[in-house]
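Next come two complexes, and both contain chain A; in the first it sits with chain B, in the second with chain C.
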Partner chain A sequence: MTELAARVELRRGDFSLEVAFDLEAGETVALLGPNGAGKSTLVQALAGLVPIDAGEVRAAGVVWEQPGAGIRLSPQQRSVGVMFQGLRLFPALSALDNVAYGLRAQGIARDAARSTALELLRHFDVGELASRMPPTLSGGQAQRIALARALAVEPDVMLLDEPMSALDVANRAEARRILRSALDDFAGVKLVVTHEPLEAMALAGRLIIIEDGRIVQTGTPAEIRSRPRSQYTASLVGLNLINGIIASRDGHTVIDTGDGKLAIAGHGLDPGTAVRATIHPRAITLAIQKERPSSSARNVIDAEVANIELIGDRVRVLLDARPPLTAEVTLEALDELELQRKQRVWAIVKATQVDVYPA
Partner chain B sequence: MGLSARNQLAGTVKSVNLGTVMTEVVIDVGGHEIVSAITRSSAERLGLSEGQAVTAIIKATEVLIATED
Partner chain C sequence: MASARRRAGGEGFSPAALKGLAAVAAGFFMLPLVGLALRAPWPEAWDRIREPEILEALRLSVVVSLAALALALVFGSPLAWVLANVSFPGRRLLRGLVLLPMVLPPVVAGVGLLTALGRRGLLGGVLTQLGVSLPFTTPAAAVAAAFVGAPFLVVTLESGFRSVDRGLEEAASTLGASRWMILRTVTLPAVRPSLLAGATLCWARALGEFGATIIFAGNLRGVTQTGPLAVYGELQTGDAGGAILLSLVLLLMSLTVLVALRGRVSVR
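Right, the complex of A and B next:
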């Protein structure tokens, strides 16, 4: 059953947001995108803090907003709990009154609101912090109080905007566990906004990827990992993404990317078919020598090292080539080959390592 | 050849099994067999045949290790 149906169009200066999606009760969906993609704007629009220009937002059968019909519920009238980026606890209210605030705004008496709020604080193991003021709380404590505040009104919809961003690295594992358990316990619609792919894949069963105010892909983490549909998505999951058209070269099947050709193992694809293909950076071998290396690998691509990035014990070598590629090699290989920027190399990829799928 | 692949094993071709698209090549490396799946066109281009001296190239990141227990 669809519990949140959002068709959101809004414009702010040069930026325009145009997205449509349906979320079901119980599922956790992550909204993933680079900075500036419109994620926080969307959260604010759903929460009723920013008006939409056109479309409709409907939750649990209630129309929250429909500009065409002149409908716009206030944030308090929407059954929504929001955990804002940076948490945004009210600094002048105690932890208890932060959690009780939404209930009070709904007209619930002070004592009843405070009693519910205290129960929630206890649920998150921070009952003893009830009288503390937000500036005196640690990141992890503030996170629990913000979660309790979002849940206090028993909303149909939970929106969590970068819920891990206020935490330092040391507290992340614990904070993720608490967040995960709170999400599991919540039966309504859950939308988690993040720019971190690992966080998205750890928390959500489905991802919506947004770039420049548009949805570019939705799917399970496994689908996104194996079939990225944009350069941003491919880079999130660490794959080379190649867009092109199936063509034939000397009787062999290749992808013509418009910027170089790549041999693929025969897939029975007709010439002219638009495809995408991924290559894992580990599947690319680099060779340093004057002559084109001779091997069974069908793709031997003339390249220049554009950059070398160390990621832990892995080395990613960005290649200026046709098409552009990123290779991953070991630290030992980096040392042995004395790889450096601007160096000419051959990038070697087996045709069987090019994973092709329809565009 | 200066190659980023850490494993470069000299051997001889033991068998070449041509399929329609793919080809399985078994290489004898010091008594151990290494199986390579390459495209048929690559096998034909290299003119692979039994007894031919070849080098099997395996990236270190692609080698799995199992332990006995």
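Right, the complex of A and C next:
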């Protein structure tokens, strides 16, 4: 059953947001996108903090907003819980009163609201923080208070905007575990907004990826990982993405990208078919000799090292080539090849390592 | 780099000069207090302060300044909220008008109030028909003091309202809080320091009010003769000792409140 149906169109100066998606109760969906993609704007629109220009937002059978029919519920009228980026705890209220706030707003008496809030704090193992003021809390503690505050009113829809942003790296694993279990316990609609692919894949069973105010791809983490549909998505999952058209060269099947050609293993694809393909950076071998190396691999591409990035113990080599590629080598290989920027290299890719799928 | 060098250079030269100039300024502000203290007729001080004329003036000062503060809080605080939150044509002009009493000669303010609220004034005629006559009454003194004092409250509180974190108000609204609940639980606690600072300044300015009061409310003993007016009266009758003692009392009252409240607030 669809519990949140959103068709949102809104314009703010040069920026326009145009997205449509359905979320089901119980599932956790992550909205993933780079900064400026419109993620926070979407959260604000769903919560009723900014009006939409056109479309419809419907949750649990209730129309929250429909500009065409002149319907627009205020944030107060929507059964929504928001965990804001930066958490937005009330600094003048104790942790307990922060959590009790929504219940008080519903007209529940102070003592009853506080005892419910205390139960919730205990549920998150932070009962002892009840009397603390937000400015004295650590990032992880504040995150749990904010989570409890949003859940206290038992909303139909939970929106979590960059829920891990208040945390330093050391506390992330623990915080992610708490968040994950809280989300598992919550039966309503859950939308987690984030710009971090790891966080999205750890928390959600389905991802919606947006760029520049448009949805570019939706799918399970596994689908996104193996079949990225945009350069952004491909870079998120660390793959080279090639867009092109099937063509034939010297009797071999190739992808013509418009900026170079790549040989692929025979696929029985008709020439002219638009395809996408991924190449894992580790599947690309680099050679530095002057003459074209004789290799059984069908793709031997003339390239220039554009940049070298160290990621942990791995090295990413960005190649200026046709098409542009990113290779991954070990630290030992980096030393051995004495790679440096502007250096000319050969990028070698086996045709069987090019994973082709329909565009 | 450039700024670092400037800062380093500053450490070699400016502080001594700055401190010197600051000391001159501090002395300038202290001088009148010292002058008053040196000239005060200390041996007879206790008896003089308890003279009915002085006690009456002090009592009136307290009543009038607190009444002015009450007027400013009741009408000025909503005005500050509107100026900070509601966009309408003429807002800048209105803000300028509110600031005007801060720079206007108080005597001019008094004349203005008289022409507006006096017996034959703009609104005064209406008030007279209703059987209300404001000029030369204690309420008139409060109105005059509110006119010159309230701008301090409005200006301070408006900037307080402006700096309230909208995000917190948004969070409260998603939790179902009504606008009143948001105002009470989020906005007002956030502007408390501004409110306290503004109220203190407003009250202190009202306590010292002279020019507008003497024009609009007159100098009637026991009715509109507040502390500052009584100081003027004592000087006119040639009683410098009484004027100095009363001045000192007024000064200490203001100083105590300013240091206790404003000092604490601005350090926040």
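Rule of thumb we're sticking to: the second predicted complex is superposed on the first by the 359 of 359 C-alpha atoms of A that agree within 3 Å, B and C clash if a C-alpha of one lies under 4 Å from a C-alpha of the other, contacts with A are read in each partner's own complex, and residues count from 1 in each chain.
Throughout what follows, contacts are C-beta pairs under 8 Å (C-beta built on N, C-alpha and C of every residue); 3 or more make two chains touch, one makes a residue touch a chain.
Just so you know, these numbers come straight off a predicted model, no measurement behind them.
Contacts of A:Ala265 after superposition: chain B is touched, whereas chain C is not reached. When the shared chain is aligned, chain C comes close enough to touch A:Arg88, but chain B does not. In the superposition on chain A, A:Ala105 makes contact with chain C only, while chain B stays out of contact range. Of the two partner chains placed by superposition, A:Arg344 touches none, neither chain B nor chain C.
With both structures placed on the common chain, the touch criterion links A:Val153 to chain C but leaves chain B unconnected.
Across the complex, chain A is touched by residues 1-6, 20-22, 25, 36-39, 41-43, 46, 48, 57, 59-62 of chain B.
Against chain B, in their complex, chain A makes its touches with residues 251-252, 263, 265-266, 282-283, 285-289, 293-298, 327-330, 332-334, 336-337, 339, 350-352.
Those residues of chain A that touch chain C in the shared complex are 44, 47-49, 74-76, 78, 80-82, 84, 86, 88, 90-93, 101-102, 104-106, 149-150, 153.
For chain C in complex with chain A, the touching residues are 165, 167-168, 170-178, 181, 185-186, 189-190.
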